[in-house]
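Presented sequentially are two complexes of subunit A, the first with subunit B as partner and the second with subunit C.
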Partner chain A sequence: MAVFQAALLNEVEKLYKKKKAFVAIILSLSMIVLGQLIIVGVRTGFGVRGVGSAEFPILVLSVVVNTILPLFTALVAIDSFSGEFSHNMMRITLTRPVSRFKVFSAKVTAISLFILANLLLLLVFSELAGFLFNANSASFGGFARTVLAYLVSFLPMLVLALGIVLLANIFKSGISVFFLSILFFLVFKVLGVFFSSYASLFITTHLDWYNLWLAHSFPGWKILRQLLIMAGYGIMLFTAGFYLFDKKEF
Partner chain B sequence: MKLKKKTAMLMSFTLGTLLFATTALADIANKSGYEQLKDSLKLTAEKASGEFDSFTLDISFVVKDNGEIVMSQNQLEKYDRKNGASENTFSNEDISGRSYSGYNYFDKNTMIGFSNGDNTYHVTEFTDERKFNSFDNPFKQEEAEDVEKIADALVGSLKDYVMVNENPDGSRELSGSLSEVQIPPLVNAVSSFALKQEFNRPYEQRGLNLSKDIYVKEVKGTASVNKDGVLENVLGTAVLSGTDAQGKAHEISIEILGKMTDINSTVVTKPDLTGKNVVKEVAKSAEYGPEFSNPQKFVGKFKNDIVIEKDGKLVKAGERIVDITSIDSQSVSGRYHEEYAQGFEQMASKDKEFNFEGTFEQKSSRNARLTINTDSSKTYNGDMFFDEYAGKIYFNVNYLLSRRGYDSNYSPAFE
Partner chain C sequence: MDKVIEIQNLSKLYPNGRGIHEINLDIYQGDIFGFLGPNGAGKTTAMKVMTGLIRPDRGDVRISGYSVIEDYEKAMAKVGCIIETAESYPYLSAFDNLKQAARYYPGVDHKRMDEVLELTGILRYKNEKPRKFSLGMKQRLGIAAAILSRPQIVILDEPLNGLDVEGMIDMRKLIKHLAETEQTTFFISSHLIHDVELTCNRIGVVYNGRMLNVESMDSILKNYATLENYFVSEVERNGRVPSRAS
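Entry: the complex of A and B
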């Protein structure tokens, strides 16, 4: 365990030292500012309230979870794998007395920490903006639901990250992985719209699953099914990703 | 060690696949409440247009502002497919406070309309028995499938909010409720804006002049489906909240209720018109306009005045005269000319007189298409409409219409 911790620390340090994570967070925050400006504009321009303080964080989440967050998750994941493959950094990582499984897990954990940190930051700042600039419609129940929505969004994002990790282990070039990820993302989104009865098969539809947690009458079975589908995806992608990582020669 | 790792990987991959495959299958097989609602809607439309002999639809729509009714529409429709008859009674009150109500009756040979405003029954009798379709299945229309796809996409993840409650006798209650948190903000903003535009009547006394902080607060719906899968009852409510220019808070609720009752036991009766105010018309069939009865009565002169402004006053400069020389149900012919009073002769333009010939249109037998041969050997087109009730004709010839001050409305010239 101590070995894994060291490896994880190493990965987090690397992530922290890179600018991408910072850019991601800054962009996410500017998203909040921009969103708030649009809301204020709509409110004074059209007389439409737009959102209240309880809904603003959800609005931010609905946008970020489909744009910035997957994009930067892809960048960070690719950086952590393809980037190191191409710069021959992986050799250095692997010369340490750490098994490949632990290196792989440490990398995945570092990516999930990035996602989680990004989501939490967004939560805090969008709640703040919501309270400061919007008509007060918040209640404790609403606040708890918002926190829940942000937390559950972590899971589909992690599955998505695992998918990108798998791609990064198949293809050598980071750029091709990046564009393939975007392509897959868009294709799945479109398929989800056109084949709405099969939508739950696509990872991208799960990104919106926080909506289920907000429902008035809690759709427990639906949530369980989606959870199991995501778990299935997660296990498959993790195993396949690790298999390829394990086989790779550096 | 090596083998163990491989087996572990194989096992975990298989586990993942199994987990994914089984739940995915279960998920696809599971019909969401939204799907069930859609299915019963389709089934109901299909049965109503093909299986039920008769049924009654009761639809009402009410808009309330802080609990006070500002707008309502009620409609009671009875359909008798077996006898090809239907009737509907309606009463509406619009947002400006005007109210109107009336009654319509249709069968294979007759169409009767009555509105409480003029207290007159308008009866149209069809000479050809028409094909009667008491109820069209909207899902059979060409674009229905595309509309359904679009609706599915729009509803998106909201479909999981429809809950199903099954009763022991096989009937089901579907219900759904969305509060402001669940409605996607974009949908909320767009629909609030649309509703604001719909209700705001700045130039009228009534009307809901919301100006600030408008949002959709809640959307609720319930539906009951009987054991045959037919929708019997649908109730939908939406609540819109906002403040008006004076800062007063308003809560506007929009309620829609639809009921289907008396399946196979609805009776449609033709109204008894003895002693009532009746206007009768005869038409070939529903697609055709009313028939032209006794067109010969239009033979003769029709005229209107040529009016100009002179010395700050309106004066009569002459007359336009349409002289119909012959007319029957197929064609019409006659002569147009202008007569100017003394002192106004210089106004006369060329082509101030010509002969015209026209044939009546098939589907609208009071309307004739005209061809005109003028003295300057040019050919013009035009049309002519005979108003049987007012005893007037409308004479539209494109080159006359392009003149300033031309009046196409002619009255009979009584000497």
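Entry: the complex of A and C
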């Protein structure tokens, strides 16, 4: 466990010192400011109500889980793998007394922590923005539901990250992985629309699964089914990614 | 003396037909082993297999009694190495680069990190990032990271790359000092044959992926004027280098 902790600490330090994660978080937060400015503008300019305190964080979530959050997750995941493959930096870690499984797991855990941190910061700031500008509709129940929506959004984002990690272990170039990730993302989104009966098989559909948790009549079976599909994808993608990482020659 | 590295029937063949074939070699504690061979002979391939960067097709390497294939963490626990080029994270300072390595070794503290930076002559650059370093300074940082944990075995692939004359002399002194005072075993490959002659006490010659011979430096210098003569003679017998030095 001590070796894994050391590997994880190293990965987190690299993520932090590269400042890419920091820039990603700043840009995510700027989405909130922009969103709130638009709402205030719409309300004062056109007399439209916009969204209340409870709805604003959910509105932010619905935008970021389909746009910047997958984008930044892809950037961080690609940098963590392809970035180190291309500059032979992976050798620095792999020639230390740490198994490849622990290195791989530490990298995936660091990416997970980045996703979680990004989601939590978005939650805090969108709640603050919602409260400051639309305090009239604030309630504890609404807050709890919002927290739940943000927390459950972590799971599909992690599965998406594992898919990108797999691609990073298949293709040499980080740029190829980045564009392929975007391509797959768009293709799955379109397929999800045209083949709606099979939509639950596409991971991009699950990005919106937080809506299930917000439904008034709790769809327990549907949540369980989606949870199991995501867990299945997660296990398969992790295993395939690690298999390729373990076989790689440096 | 104790065997610290055992290379047994090691084979690794690349799709282009190159690689290493059935290499057998024992390295003993306190050896400063020079691994010589022409370009493409298989030196780096052997060293990459030894450090787990690539897997062999056949055979095994045991370091301190542990297989690098089956028990990697234990095998590498007392090993420091540089393979091909001394890599470092360009966005971390020299000190932070060492800190990354230090986390894997419980006994390594900040004092030790300063100590290795001092030993390799880059202490005053400890807070600078390697992206601003010259090749020689990067090499010094790589060597500092390799010896950071007071390893019993140090595997160095072309450790003198990019070093100036002063750097080469310093590095030779450092290797000899560690071998004498801490009984550190060195496994070194280098193209600088004169430097290998001055540094190493045992020599192995690899050619076309096969181990040709292993001899002590003393016995080589009894029979040949220089290590270069020995090397040329060994390789010539296998039909590669035209006779030029005798």
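In this text, the second predicted complex is superposed on the first by the 249 of 250 C-alpha atoms of A that agree within 3 Å, B and C clash if a C-alpha of one lies under 4 Å from a C-alpha of the other, contacts with A are read in each partner's own complex, and residues count from 1 in each chain.
One rule holds for everything that comes next: a contact is a pair of C-beta atoms (placed from the backbone, for glycine too) under 8 Å apart; a residue touches a chain by one contact, two chains touch by 3 or more.
Just so you know, these numbers come straight off a predicted model, no measurement behind them.
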Which of subunit B and subunit C A:18 touches, first, second, both or neither: second
First, second, both or neither for A:235, with subunit B first and subunit C second: first
Subunit A: partner with more touched residues, subunit B or subunit C: B
Partner chain(s) touched by A:194 [first = subunit B, second = subunit C, both, neither]: first
Touching partner for A:249 - first (subunit B), second (subunit C), both, neither: second
Touching partner for A:94 - first (subunit B), second (subunit C), both, neither: second
Touching partner for A:62 - first (subunit B), second (subunit C), both, neither: first
Touching residues (chain side subunit C, partner subunit A) in the complex: 48, 51-55, 72-74, 76-77, 79, 81, 83-85, 87-89, 91-92, 96, 99-101, 103-106, 145
Subunit B residues touching subunit A - in the complex, by the definition given at the top: 9, 12-13, 15-21, 23-24, 26-28, 30, 32, 35, 149, 152-153, 156-161, 163, 175, 177-182, 184-185, 188-189, 192-193, 196, 210-215, 242
Touching residues (chain side subunit A, partner subunit C) in the complex: 2-3, 6-7, 9-10, 13-14, 17-19, 87-89, 91-100, 247, 249-250
Residue ranges of subunit A touching subunit B (in the complex, touch as defined): 42-43, 46-52, 54-55, 58-59, 62, 135, 137, 142, 145, 193-194, 196-198, 200-201, 205, 208-209, 211-212, 214-217, 219, 221-222, 225-226, 228-229, 231-240, 242-243
